[in-house]
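Each of the two complexes below includes chain A, the first together with chain B, the second together with chain C.
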Partner chain A sequence: MDITTTISALLTLAVFSFLYGDNPVYKFAERLLVGLAVGYALVINWQQTIIDRLYTPLFIDGRLALVVALVLGLLMFSRFKRSWAWLSGIPLAAMIGAGAGAALPAMLEARIFKQLSATVAVFHDASGAFEMFSAIVLLVGFVTTLGYFYFGVHRSNALAVSSKIGSYFLMIFFGATFGYTVMSRMSILIGRLDFLMRDWLGVIG
Partner chain B sequence: MRKFLPISVSFVFGVLMFALWFEDSESRSMLHFTLIDYWQIIFAFGLLVGVVSFISVASRKISRGEEPFYNGVLIFGALLMPTLAMIDGLQPNSYFQWMFENVQAPMQSSVFALLAFFVASAAFRGFRARNAQSIILLLVALIVIIGRAPMGEFVWGGFDELIQWIRDFPSTSAKRAVLIGIGLGSVTTSLRVIFGVERTYLGER
Partner chain C sequence: MSDTQTRRAQKTRRLIFSGVFLSITIGLLLPFQPEVTPSVGTKSMFSFIENIKPGSTILISFDHESASFPEMKPLAIAVVSHLLKRDVKIIAISLFPEGAGLGASLLRRLGEENKKTYGTDFVFLGFKPEPRATILGMGKSFSFVFPFDFYGTKTSDLPIMSADRYSDVVGVITIADGSYPSHWIEYGAAKYELIVLSALAASMVTSYDPYVTSGQLHSILGGLRGAAEYESLLNVDGGGSRAMLAQTAAHIFIVLILIVGNISYLRSRKKKV
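Up next, the complex of A and B:
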């Protein structure tokens, strides 16, 4: 039971103390975690972006194209002076505009065309009766769930039935996602309990 | 000027990133990577602004006498990590890495583990088998939870195949429809940003 393990274990217990209710020990651990996470993000960001991607290429390798990025970055600090604050909209606009421009084709390809082609491709790979049944389930689920989200027209009987079936598929999706989420949290909990019992207290061999 | 300049910048960056998707040459990748560097550098400066703001808000609270101890812990945590990084660097076995591995990481995983209790209690209170949809959701969640637990294989040997089938077909079908919805929403929002219709990031409502 070394000092490092004891510190980790006590902080773990401090976080778990929230199960008893909001208390000073938990508040301390929570604020410490938030503070450390901010400090960690700052350091990693400073090293990996400001130094490695800006300072070294610009001031040591002489990549002058990055002067624009430096100016745009510095404009972010204009937020601290009310009369200049509008200038921080320029780097924000550059970042959001670039993100939107990159997302447009990427989303079309990954979120729409690939999903459509993957749904149809299952029929090509289906070799037996059960595979064909599964492929039909996939197609029916896909079409009816899309129908569930279609609010453009009045829901006729056919569309109402289709969206009802779609809602069943959505519930299967939510149920499976919930089950996986619970189990992933459980495995993290078991990991923490294992750390406390095995590494700290040594009651498990 | 205060609106026109950011909207123009957003348009230029957005169109440039979109056009670069279709260009396949060395000059394209150079420009593409430069724009990605810009994006990351601006983001890094944004994070710096966030950290400065975080510390100034906590300091103001201390000066107003609002939870001075806990706000002090926040600032202490945020300043500790950069201080350790300055003293000893970021290499393995440095103070910075020790603090991350033995203080921050255990607390972070404990917070995630804590969610296991809250997910379970929320499910217990919220899940009621009122109609067909909620029964399906409950049933699928139960199958996944029992099947993923070590005891699942003792209850029934076919849980693994059943869970895999649910995941690959009915659940995936609904997930794909949701992803297409997300894709269409992202494409629309991207177009709105590029053409200056969406301006909420500039503080407009």
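Up next, the complex of A and C:
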């Protein structure tokens, strides 16, 4: 067994000790994790972004267009001086403008248009009674759930019934998501216990 | 809350933790595994990989953090091993800094185990921030976004990088624990018609199922259960299969806790009335 396995196992136990109550051993492990994660992200970002995408292409390969990116990036640091802080609005405006411009059509297309057309297309693609039934459930779920979030008008009887049905669909969704989340968290615990018993203690073959 | 109630709550909490711990430990120690039947999604991903022509190239994105690695690792091992056995070339990246380190070591290990050559059969390009810009940029050129690989080698010097755009790869598999498959769907699939497949943490499955129905996501492999199903199709004994008994035991325990909790809640409500 190598030293890294032992360190990893001891840190796992240190984190598990929180289940009994907050304690210095847990605090140490928690702070070590935060520190390492930040340090690691900094190093990776420095090498793979600043060096690979800016320093090397600009100062070694001579791609002068990157001066614009360098200046915009440096302007972000103007926030540290109150009288210059307004300058940081320039790179922020560029980021938000470009980000929203790229995101809007893509999100509309993928999240709304394609999902909407799929809700209707299942009727066309349904080849049997069960598929048709599923398509109807999907459509009813879609319309009633949307109705549940329609707060702008007085809730007539029809809308009240529709939103009640919508709320049941929502509950089913939340129930399924909760079930999957429990499964996910259990998987993580199983992974760590398997590591402790197999790789560290060797009690599982 | 009074002191007695606080003490009781603390005691109940510890009892639940101990129960979960015991059920998982017993499940891991018992020397048998429950039979797993592969779902439609798992079969779909398996047959997609099975039908890739040997020598083709695929993109893999390790879009997860270290906290979810115990769940993501069996998924990643199952999918990457299958690809390497099928002689599919792998170009891997990460949209999370932590995913870069984990993905790099996992790919190296599996590459060596399958006697593949780095730079020819597989490559790890590393991490780039801002997923939208990275995915959109890769639509023009992989080597423009990743001029160097994770180890500092110029990507233009690597033979595998003759595949330099989405049209040169058969698709992307995002191994994700969060919402990053959305970026691949919105910017990769919608704009570049890239086929997107996903090995997901179980907690994200319900969020991405509608995308499979609409055809924007080819297939989903979900959580440890998905890994176990995939391993059963590959006929290997991996981390997913080994964990199935423990997971079943933990789920039974949680269902029992839910029943007991609800009965005790209803009884306490009745007493108040």
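Definition applied: the second predicted complex is superposed on the first by the 205 of 205 C-alpha atoms of A that agree within 3 Å, B and C clash if a C-alpha of one lies under 4 Å from a C-alpha of the other, contacts with A are read in each partner's own complex, and residues count from 1 in each chain.
Note that a contact is a pair of C-beta atoms (placed from the backbone, for glycine too) under 8 Å apart; a residue touches a chain by one contact, two chains touch by 3 or more.
Owing to the predicted nature of the structure, the values given are computational and were not obtained by experimental measurement.
After superposition on the shared chain, chain A has more residues touched by B, the comparison being chain B against chain C. Of the two partner chains placed by superposition, only chain C is touched by A:56; chain B is not. In the superposition on chain A, A:12 contacts chain B only, with no contact to chain C. When the two complexes are overlaid on their common chain A, residue A:20 makes contact with chain C while staying clear of chain B. In the superposition on chain A, A:195 contacts both chain B and chain C. Of the two partner chains, both chain B and chain C are touched by A:107. Of the two partner chains, neither chain B nor chain C is touched by A:131. Looking at the shared chain after the overlay, A:203 reaches chain C, while chain B stays out of its contact range.
The contact surfaces that chain B and chain C form on chain A in the two complexes overlap at residues 19, 37, 40-41, 45, 49, 53, 57, 99, 102-103, 106-107, 110-111, 115, 118, 138, 173, 176-177, 180-183, 185-186, 188-189, 191-192, 195. Contact residues on chain A toward chain B in their complex (touch as defined above): 4, 7-9, 11-12, 14-16, 18-19, 27-29, 31-43, 45-47, 49-50, 53-54, 57, 65-66, 68-70, 72-74, 76-77, 79-80, 86, 88-108, 110-112, 115-116, 118-119, 134-135, 137-142, 145-146, 148-149, 166-183, 185-186, 188-189, 191-192, 195. On the side of chain A, the complex with chain C involves touching residues 19-20, 37, 40-41, 44-45, 48-49, 52-53, 56-57, 99, 102-103, 106-107, 109-111, 114-115, 117-118, 122, 138, 173, 176-177, 180-195, 197, 203-204.
Interface residues of chain C facing chain A in the complex, by the touch rule stated above, are 14, 17, 20-21, 24-25, 27-29, 66-71, 73, 97-98, 100-101, 126-129, 132, 136, 146-148, 150, 182, 185-187, 189-191, 201-207, 210-211, 213-216, 222-225, 239, 242-243, 246-247, 250-251, 254.
By the touch criterion stated above, chain B contacts chain A in their complex at residues 2, 5-7, 9-18, 21-22, 34-35, 37-49, 51-54, 70-71, 73-82, 85, 90, 96, 98-100, 102-104, 106-117, 119-120, 123, 132-134, 136-145, 148-149, 163, 165-184, 186-187, 189-191, 193-194, 201-203.
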